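What follows is a pair of complexes built around chain A, which joins chain B in one and chain C in the other.
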Partner chain A sequence: MTVAVTAGTPGRGRGGRRHRPLPTWALGLIGLAGLVTVVELAPRAGLVDERFLPPFSDMVSALADQAATAEFWQSLLETLRGWAIGLSIAMVAGVVLGILIGGIPLLRAAMNSTIEFLRPIPSVALIPLAVLLFGTDMRSTLLLVVYAAFWQVLVQVLYGVQDVDPVARETARSYRFRPLTQVRTVIWPTALPYMMTGFRLGAAVALILEITGELIIGSPGLGRQIAVAQTSGAVAAMYALVIVVGLIGVVVNVIARAAERRALRWHPSIRGEVPR
Partner chain B sequence: MTTAPIGAAARPESSTTMLDVRNLKKVYEGRGRSVEAVRDLTFTIASGELVCIVGPSGAGKTTLLRCVAGLLDSTAGEVVLEGERVTGPPPGMAVVFQEYGRSLFPWMTVRQNVELPLKEKKVPKAERQRLVREALEAVGLADAQGAHPWQLSGGMQQRVAIARAVAYEPHLLLMDEPFAAVDAQTRADLEDLVRSLWKRLGVTVLFVTHDIDESVYLGQRVIVLSDSPTVVLEEVTIDLPDERDQLVTRSLPRFAELRAHVYELIQQAKGGHRPAS
Partner chain C sequence: MTKIRAVLAAASVLFLTACGGGQTPSPDASDAGRPASAGLTSVKVSVIPIVDVAPVYLGAQEGFFAEEGLKLELVSAQGGAAIVPAVVSGQVEFGFSNFTSLIIARSKGLPLKVVTPGAGSTGAQGKDFGGVVVKADSPLKSAADLAGKRVAVNTLNNINDTTVRASIRAAGGDPKNVEFVELPFPDMLAALDKGSVDAVQVVEPFLATAQKNGDRVIASNYVDTAPELAIAGYFTSEQTIASKPDLVKRFTSAMLKSLKYASDNPDAVRKVLLTYTKIDSAMAGSLTLPTYPSEINRGSLETLSKLALQDGLIQTAPDLGGLLP
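Coming up: the complex of A and B.
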């Protein structure tokens, strides 16, 4: 939070000021270093109880201990696998249904209220149902992940299909493109930026639900390890695992953005020429 | 493709009918508001003709073109193309849209844009490559093949849209105010380009414009539309020499006469005058 704020605001205030502002990434690092210092010093100075917030160096050494166990790597793998499978299912379902529903006006009108009803249901409200169906199996968590990520993707794809330029659509029609060609050459590229956004949002939500599922349902993964560490009083280890989860989130976001840039070289937001 | 000798200025009465528009009417139905864009249009265009449609802004020219292209259902009347009633986009037709920038696909290169309709028409690869190359050469963009449309100027984008239409080898080429947004010099060049392509390919061209000079310079015939609700005011035959030149043709006394005539028609229409029917 603090990082984003310090990094964002001064970067934009170009010109007018006498001294040149630091580059954004440098400010980001300074913010991060500040956070680490606070977390290190506050417990040592006795400002907070070490039982609740151990110094940062303790977390790091706990992390090193974790990294030496096979269980940690196994859990990490379980989490990543659950996340990836869930997100993939949500992406495929969201994109296919989004193009279908968005492409057929009648279907869209019919589905609108259904979507508006189902979408706001928080995924965690489905936990009892998931447990009823699959017990503490990884499929329980998968259900949550898919449900949560699916709506993110679907809604974005629907926006994307809606955004197809009417002139581009008419061009495709005037050259008698078959429906599938229209999807491939006009609808798909237009909706792609939205799909990417859907992917990014879906990836974040999927990770949240994956960890939530593991924490509450107890399906295998880092979330369960966090719960185990907490109940056994290994507070530093618990924080270490939380940091790992946070890092996964950062890496996922970075990858999603890089994929976006590659796929959208032609797009006005990416191509970086002066807008007309 | 027609078998008529290329460049022969086909006389309407001596050749076959390409396009027949009969009592076309189009009313846009909106929520609580309906706009009668086109009231009653009837005209025919012979195979191989170059006809300009001129009318004030908002006269329903784009509406007419979209009905002819089968992109819009008419409220009444019919459009018959090569003997068949138009109910959807017919084969062998290409449209150059008024909003040419939005009609090109920004995610494709110039070359891919021009090639795509040919792929969809299942033209064999070698033939396709030849058509794309020739079309881009004809519009002077052979060097821009690998560029994306948004890397080109407005005039260049318009030429890509024309190349795409030309490579498609249509029987009927519909152009909707294609030069409205380019500068005078580019516009003159593009006008000559259209004339030369028309002569070379023997294609029937329906060229919509709101520019009186342009319509007289380009067309063999000019169909003058009233403002909305639209009817045909008059069909003016342009009896200028077939070889047109920006300087020479435009300074002919006959050019000035025709231009003045079309201008008068449109002025009268604004004053509420309608042709006796």
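Coming up: the complex of A and C.
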């Protein structure tokens, strides 16, 4: 109700400063509603063939059918599990190696070219290798997920470590802080915002690779269900599963942002947003 | 102190039972209640989740594999290309593939061996599970008209383009100038609709979808190639045959039983499709099923081998005797 009222007004009363702008979430919902309308109407109006892009309502009813099967929930669980395991491994490895490499200038100089060589290799190009190593089970996909997310985290942590104030670093050194204490008191607070950015990027990339791996390799999860729907000619069911994957993406992003806010609530970049 | 120790002991017992659950039931733990599945040998079979492999799912459902002491683990692969390496490397014991792929692999020296047939053409003109389809208003009337046209097949240099060529020859046309385009089955009808190809070679469930939409079948390429053409089968590697002869024997026997059952109970086949594919139930009831023969049609395999040689897929004819059981 309130949304409808406020949504109607900005068109006329644009100059009126007393109208508060719509909250971001409401604008987001309006954008989604627009997309849904287009997907519903385009096939019905004959702009695209219904056989290849069914109306949104068909996708929703296919989704309801899917949600009634145990297989769907099992696949959802497998996808989320693969994503979480892959992201965790990538986070731990990225943070530990990032602090180690970033903290030792000699190591950093030695590793730089190697990292720049390995980082741009698309994970998807590793699919044949993954299949040779692990066949079609979830480890193949996990390899891709870890590989893709790892670089996102590592590179951010490296930047973060580089950003440490030299005076703070030298001070810690002259007070003879032990290496681990230096990491905890000097490097960690500076690198944390970068790390959280790495986490957010890694979370999204991990999900993309999780689905890609399942879709192409055929390891269990929603991606494989999409492939099965495709080979079965079940177009609406396929789009329904794609929508679910999109929703997972939204949720992952929301959670990653919330985690970022929580971990950095002391940091000026986050604190600055609160009073507005 | 003793209290802590007791708690720890209890916890470790709990942990151990939790871990060991279902794996190795201790002999005194109610032998009577022990499920029959405890003594089964696990066997991995790599299949593509399509209509052709319904018998193996049906056999698992009907318990034919359990009767042979086998616990079937179906590993679904997205394409045949992933199945052959998995079988050769021993990651899975058995795989499902079309015979042209197996002929090519065997001619290249891969140690593959067919154990049972899998799926075959119905042999009925216009009523097969695969065919060449054109749009309703297309000027193409028969396979002979395909000369110089663009035809989509799911894999180049494999069973579908060789059999379409055979179909064109059978209709008195010249297959030389046909331009084959590689497209996945799910994308074919959209490509046909857009006009980016003139004809598509599809199999079920896309054949039924096409016909429902008014598209015309101008040739049944499998029927034109050979009467009751053998399309695909289950295979293993020579290493597996040498190292696990008993397993191969039991799998073969269960598989033959499953094929026979599928052949005798088409309604059960249509029902089992709903469990491992997402074909909708109306479609599953109306599509044309392949045959599930219990014997390999050797004559038709010779035809496939000759076609592969003629179309340049292979340079030397494979020894079919070595490939077949």
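Criterion: the second predicted complex is superposed on the first by the 248 of 276 C-alpha atoms of A that agree within 3 Å, B and C clash if a C-alpha of one lies under 4 Å from a C-alpha of the other, contacts with A are read in each partner's own complex, and residues count from 1 in each chain.
What we mean here is this: a residue touches a chain if its C-beta (ideal position, glycine included) is under 8 Å from a C-beta of that chain, and two chains touch if they have at least 3 such contacts.
Computed from a predicted model, the values in this text were never measured in an experiment.
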item: Side-by-side fit of chain B and chain C on chain A, or clash; value: fit
item: Partner chain in contact with A:Trp266 - chain B first, chain C second, else both or neither; value: first
item: Touching partner for A:Pro189 - first (chain B), second (chain C), both, neither; value: first
item: Partner chain in contact with A:Thr181 - chain B first, chain C second, else both or neither; value: first
item: Touching partner for A:Phe117 - first (chain B), second (chain C), both, neither; value: neither
item: First, second, both or neither for A:Glu170, with chain B first and chain C second; value: first
item: Which of chain B and chain C A:Thr231 touches, first, second, both or neither; value: second
item: Smallest separation of CA atoms, chain C relative to chain B, angstrom; value: 30
item: Parts of chain A lying in touch with chain B, wherever the complex brings them together; value: 165, 167-168, 170-171, 173-178, 181, 185-186, 189, 192, 266-268, 271, 273
item: Touch list for chain C against partner chain A, complex; value: 46, 48-50, 75-78, 82, 85-86, 89, 91-92, 184-186, 189-190, 193, 205-206, 209, 213, 276-280, 283
item: Chain A-facing residues of chain B, complex; value: 66, 69-71, 88-89, 91, 93-95, 97, 99, 102-103, 105-108, 116-117, 120-121, 148, 150-151, 168
item: Footprint of chain C on chain A - complex, ascending; value: 49, 51-52, 131-132, 135-136, 215-218, 224-225, 227-234, 237-238
